[in-house]
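Take a look at the structures listed below.
There are two complexes below, and they share subunit A, which is joined by subunit B in the first and by subunit C in the second.
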Partner chain A sequence: MKCARCLLRLQGLGSVVPSARPANRYAYLLQSTTGPVLTKPLVAFNSHGEASRHFHGSSAWAKSSPPPSDLKEKEKEIDKSLLSRDELFERVARDAKTKAAFDKAIEAFTKRDRRRRGHVEFIYAALQKMVEFGVERDLAVYNRLLDVFPKEVFVPRNFIQRMFNHYPRQQECAVQLLEQMENHGIMPNVDTKVLLVQTFGEKSHPMRKYQRLMYWFPRFKHVNPFPVPRLLPSDPVDLARLGLTRIANDLDAKVTVYQMPYTDITETGEEITLPHIVGTQSPDQVELLAKHDPSRPVFVEGPFPLWLRNVCVYYYVLRADPLPPGEKVEEPYDPERSLYYPLQLSLELERDMGDLGDAFDVEDLDEGPVFAMCMTGQGDQATLNQWISGLQEGNAVLGRVPTLFRLDAGPRELQSPAGESHRPHPPPETDPWVPGDEGGAGAARQEVDVTLEEEPQHSRGVKQ
Partner chain B sequence: MSLNRIINSKSFDIGKSLLAFNLRYNGKFVPHPPQYRCFRTQARSLAYAKDLFLGQINKAEVFPYPEIGNEELEELNQFVAPVEKFFNENVDSKKIDEDAKIPAETLDGLKELGLFGMQVPEEYGGLGLSNTMYARLGEITALDGSIAVTLAAHQAIGLKGILIAGTDAQKEKYLPKLASGEHVAAFCLTEPGSGSDAASVTTRATLSEDGTHYLLNGSKMWISNGGFADIMTVFAKTEVVDQEGVKKDKMTAFLVERAFGGITSGLPEDKMGIRGSNTCEVVYDNVPVPLENVIGEVGGGFKVAMNILNSGRFSMGSSGAGMMKKLIEMTAEYATTRKQFNKKLSEFGMIQEKFALMATNAFVMESMAYLTAGMMDRPGVPDCSLEAAIVKVFSSEGSWICVSEALQVLGGLGFTKNYAYERYLRDCRILLIFEGTNEILRMYIALTGMQYAGKILTGKIKEMKRGNLGMAVGMMGQKLRSSFGGTKDYGLTGKDGLVHPSLADSALKLEQNVYLFGSAVESVLYRYGKSIVDEQLVLKRVADVIINLFAMTAVLSRASRSISIGLRNHDHEVLLANTFCAEAFFKNNYMMTQLQKHAPENNDASIKKIAEQILEKRAYVCAHPLDRTF
Partner chain C sequence: MSLSRIARRPRAGLLGCIHQQLFLNPSSLPGGADTRPMSRVPYRRPGEPKDNRPPWKRIKFDFAKGVEGVGRQMMLLKKELLDPLVGPEGKPMLEHMLEQNRVVWEFRGPECLEQWSVSSDREIGGQSEAYLKLGRNDNTCLLYGSLNAAPPRDGETRYSGYCTLRSKQRLCSFDRKTHFDWTSFNTLHLRVRGDGRPWMINLAPENYFSHQKDDIYSYFLYTRGGPYWQDVKIPFSKFFLGHRGRIQDDQHHLWLDKINTIGFTLGDKVDGPFQLEIDFIGVCKDYAHTEEFAYEKYKRNPEV
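Up next, the complex of A and B:
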């Protein structure tokens, strides 16, 4: 807010003293926020992990951008020069890798030299250390880093400077910083803007990058209609609850904890671990199950993976095969059902071809009913049997229906080669950046990566 | 359907004429004795509204406007005067509303006036009124919503079962006491889990082991008069063996006396309006019901229930009109005395508009109600359930709008309890809900008509679908003609026309609408066939058009008669009729345009989508307008 006010004040100044150059510049800046913004292709959102990137869109940049080979050399150079800058961080990291320490390093650098010599190298080094210090999602830290740039020096002063790439290294460094913000899903704020304007002027490349961020980020913030919380619950029961309500998108569905995880040591010193069993079932499913023909078996199938951000959980379903077409019984029409109006007309006219609408619906395929779902810490038949017996309380028919277990060996043997506890979840990795803070494309990509990793394990499970 | 005949037999027996035929606007009366009605040789089963679905105007049904004979009118006025006096002097509606109870003295007064047996034949001690006369008295009883509902629950539905399908023994045993008001009746159909779905009725009647009586078990909800009713028409499932020897559960109607024992009533519901009427839950616990107390056949309860419900609705039109007339008086009084900016309220255009609206609505309601009542009173087996439903829907919605407008005229004063408007508003809200909600009745209206028209048009539509060239060309020609505003001459106007020339324009509008409606129905049937039952938004429009068409007919018929016989202020009627018809004409045209395929006026797909998205989330889905993303 303070910055916005400052900007406004500057604008006011500009109108009073039109000849004052800096004031003019800020007036421009304010215009630029409402002016046309360069759009950027969507690539930005799934190209995380790409080390560096060319600028898109601006033809002025395309002329002056160095060839790719140049870039690589430059990177090597940067790496070399980083060494000395890294020391700064290593020194502060001796105590604790925290935000305070990170701030201290920045402060140390800014105080060391009034002219801030080597600030570009320092910023590159800082960007690399951010994850390590756990500040990669902290906007204030990014702003502090931007503040390391000396002000007003890189602002082009005439049209020739403006035309050519003025201080390209510095500009690229700032763009890299914004890029890292983008990858971690951090939205710049008005402070960032003020810093960029002060450092590079209002028509610089970092400014363009900022504008693109501000153009796309808000638009993609709510792009996922099924957001996953950024911090997943650590308790497996809560996690299962979250996963189940996410798959069973029915507000009536009731999640039941059939068994809490429990560890006990018997008299013989043996450790007994009871896994958690969490299931969900909706009233509609209860009704479907009640109507199920007891002579047809129901199946417990699984495990099926479900990715929640970077965590994979596995679920099991209780389902039946769809009825063969010949055996479907439609409820006979009872003319004495509705007291007020006929529920059917006795006409021989069918719906006209032109009014059939979208007769084909992918969700309309006959797949057989799913009666219930569960997640458990241990996917063996005994545990799942416990789930089924828990279900029987509300679904008496399960006592009469043959229940078949069709369980895949699943990935868990491979997860626990050393005979550790059965952990269906792979170890959590670093939180990848996901656009708009809510999962979505990032999560999907993550899923692809990890399933690729597990492919061989799965095929081995099938062979067994 | 012979049931209507039984109700009407009284007016029939005493030979009162309800109709004067051959009435023409030129004042030429074909002399015929007014006391004796003209009998027709064949039984009529058709009524007016159904034919509109075919684009036909069955003029004989609605022209001339039905009237009652002089003697009957005199007799009616003799009834009306004391009832009106009683309601003006002895009924304290405000107190009834506050105490949520009708005082015993008031009820006794009503009983003395014979209002508990208005439609019970005279031989059983009732007043034996025809439907028309019943509607007239309904205008007055409607001045207090609680009393009107109590009376309606007693006789429009409560004891109707005995009248319609009861045996002579049942009539002799129960009707006299019910007619005198010594016993009060109630109609017990609704259950916690069963509103209009008869399949989910869970109350059961099982035959006792010795086979002498049934044992009734279950509970009924929202029973008007349930707290004190002595005789109840209860619907319960019984086991019936059908022709193939399969045991089935079917509904049966029973006459249950509270004296049988085992009946408990819950606490009266605390309602928003009609607070003086008693509504509560009734629980039956092993109530022994003798075999002779079955109404109609065992397993025939569904038909009984449907007939009772269908026959009870027509009087709502006159009730609404009665209420509106009183409201117009009260509000006009205020509007002409209150001054703002040195001008009377009545001089402001927007206030004037409200009075015009109220008057038009009251006029239409009244016209429709008495037209329907008159049709029902005719000999033969007229099935007027469609018309009755139309009257109910139109008048309940009209009343609600008008009461609200009347309240608006008073502004803040109308909102206080010092005035009766808020009570009228609360009382009036139930009209849209009970006796079949308006939504359900719209379905009934549209589907009944569609079934009727569909039966007749099936052959033609199939022929068209098969690609009969001649038929298609004929259709095209017809469409072209109607798109240029062409119409068929129905004989309402012109020489020997049934409508007075001062209403000729409106009559033409009606003709044009009816013609267009016929082809709209045809194309709807062509497009949807029997799957039309699932197209509720289409059906709603069809129902709305037919309601307007019937309303237009009623006002035209009534106003024509008024001019022709020179009734007082008939010019005002002409004005009202013409105004209403002009407005309804445009509304109809708009709705029929919406019925066309790919009509830009038709938003149904979007409307459905909005509802689906909201219902999926079960909440309002939009972000708050003050929310930000950066």
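Up next, the complex of A and C:
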């Protein structure tokens, strides 16, 4: 930065000598930057030995002289550092892309220049690089980035400056920083507010953006009635447990692990990987299955997707077709089932005139009962057979009921009319979802085409 | 010709300054404000060639379609004229006044799918897909597809990866707009079955000023996932105002007297397939809900 200093000194000279002749006679001055050329310093220096800002000297005559060779070299050095703003990050990224490296890059930039030249480009580059370094959810890093702005320079000092969008580029840069925080759902804290006030003042765009974040984020933080934890378990069994408790829709539902994942090496040296099988069944579902007519088949359908934040897991469903309307029997409640309160009340409540009740004028979709759900590592028939046999321990009727497997790739609705159960299932006409494209650490699925099989005898026990 | 030439010559003096002011470059306004009027041509994707056909060339003439159109409009006109004889909105007065639940959209046949339009970020050059079809029993609709959050490389789009299902504007006879009147209700009731992804419900009311064209009231629809249907009840007081995707400072409760469209949109920045099944959409009156608006009204220049 020596060149900058000497240019400012020349400007100081220029203000003394208003005749703007080419600086050829002052060329010797350029060579010695520290020599006592002037008897009286005309440029005010502050305690750091740098020239204070002063815009009144015209640099026209300084430019008109051809710069000497050593000045050219200095310019080249400076030009290199101006070239790309993420050069600092690339240098640091050679070691390891961690938060410490990112902090080091920011520190290198702040220490390099007290005036933080090019800080706007630097901050934009940093915002882009954050995802690579894995710090996009870290509030401390955002505060450190906000600290890069020089303080008190951009604060408007009178009403005209406040009116006319003082330092619009810097304000826009800070707003983009806060917008990235908003996109990742990070709530700013009081440090952010203090930094913004110090940098831009109180009536600035970044401050307004901060106020909006602080207004709306608390309102929407707990608006999800089915919240998903931010840190999902990495173990597939735990993930399956979380997913199944979520879709069970019943607090009494019990999750059972029928098989843990393990790799077995047989005598021939082959590796057999057995997937995990986790299932859930609630007491209501057990009851429904007990009441199920053994002559009607039950279906194992799947796989259906379930998204937990950014991870997709697949679940399979054991269900039956709905009874045709003629065969539906409403069994009366057994009063001895619950001795503390009645399960059925027949009160003669009269409705007010025009009180039409809560019912919507839609036909009730009867899709048939769902008996159990499961999630497994491999969606093939052998694994699901294992699940059925595991279920059989609690539901004896499964031994007598024919089980049909409807495993299909692609987005599916969860039920189909009873007439289709014995025909081969037609492939979906427009199926843009290709199984290979699924994202996330979901189960490793096998593409199983249509399989229809009847396995009446489960009591033999298919466990291996 | 000569007159225009005279007009374009800059005149010296005070008037000259005024003329120069009139031709101020819009990009020089502070903050880079967008001065194009809202009533201009629809969005043109960057890279697409401009449609320079004269307006009379853009109309397509088809006789059979014209006759069918006239027949359809006459039927609609007849319905519009005869319905008020029965009562408001075609229902007897007492029933209309005392109504507590009303089913607004249900999916009982392929003609119901004509009322909806599906779009995704494919229009701006993204790679998401979205399709709509009827559920297997012809009782529900299924919106499915896959999202891709990679932004299109056109130099100006920064975020991408969304899809929308929006109901079409309801038209009465001769292609005039009609609006839904939900003043006697206060809750939106949906029956959906999602896959765990968070959706957003957007209601677009009819506005007077053209600047309010993209004013949309939205709220979140969090799906649980799983084989069971989910009943979602959202009171209208919870809907917050946004314009072109940006939530506004000046919040106001949703006016229910002229609702145009409802929309469902998904943009959760996660790549992958999605599906949403909707059984029906209705409105109901919850007597226990007395809140007028869930958010505070605007305070100009709030203190820090």
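The rule is short, and it goes like this: the second predicted complex is superposed on the first by the 296 of 464 C-alpha atoms of A that agree within 3 Å, B and C clash if a C-alpha of one lies under 4 Å from a C-alpha of the other, contacts with A are read in each partner's own complex, and residues count from 1 in each chain.
Note that a residue touches a chain if its C-beta (ideal position, glycine included) is under 8 Å from a C-beta of that chain, and two chains touch if they have at least 3 such contacts.
A quick note: this is a predicted structure, and the numbers were derived from the prediction, not measured.
**Q** Between subunit B and subunit C, whom does A:Gln381 touch in the aligned arrangement: first, second, both, or neither?
**A** It touches nothing on subunit B or subunit C.
**Q** Between subunit B and subunit C, which makes contact with more of the residues in subunit A?
**A** C
**Q** Considering only the touch criterion stated at the top, classify A:Thr273 as touching first (subunit B), second (subunit C), both, or neither.
**A** neither
**Q** One more residue to check, A:His222. First (subunit B), second (subunit C), both or neither?
**A** first
**Q** In the overlaid three-chain picture, which partner chain does A:Met373 touch, first (subunit B) or second (subunit C), both, or neither?
**A** In the superposition, A:Met373 contacts subunit C only.
**Q** Is A:Leu339 in contact with subunit B, with subunit C, with both, or with neither (first, second, both, neither)?
**A** first
**Q** So, A:Asp355: does it touch subunit B (first), subunit C (second), both, or neither?
**A** In the superposition, A:Asp355 touches subunit B and subunit C alike.
**Q** Looking at subunit A, which of its residues have contacts with both subunit B and subunit C?
**A** Common to the two interfaces on subunit A: residues 219, 354-355.
**Q** Give the list of subunit B residues in touch with subunit A in this complex.
**A** Of all residues in subunit B, those touching subunit A are 189, 196-199, 250-251, 302, 305-306, 309, 436, 440-441, 443-444, 447-448, 450-451, 454-455, 458, 461-462, 465, 525-533, 597, 618, 623, 629-630.
**Q** Going by the contact rule set out above, which residues of subunit A touch subunit B in the complex?
**A** For subunit A paired with subunit B, touching residues are 187, 189, 214, 217-219, 221-222, 251, 334, 336-352, 354-355.
**Q** Tell me, which parts of subunit C touch subunit A in their complex?
**A** 30-31, 94, 97-103, 106, 129, 131, 133, 135-137, 139-140, 142, 144-146, 159, 189, 193, 195-198, 220, 222-229, 247, 249, 269-275, 277, 279-280, 282, 284, 294-295, 301-302, 304
**Q** In the complex, go through subunit A and note every residue touching subunit C.
**A** 164-165, 168, 183, 193, 197, 202-203, 207, 211-212, 216, 219-220, 223-226, 228, 243, 246-249, 304-310, 312, 315, 317, 319, 353-363, 365, 370, 373, 411, 413-417, 430, 432-433, 437-440
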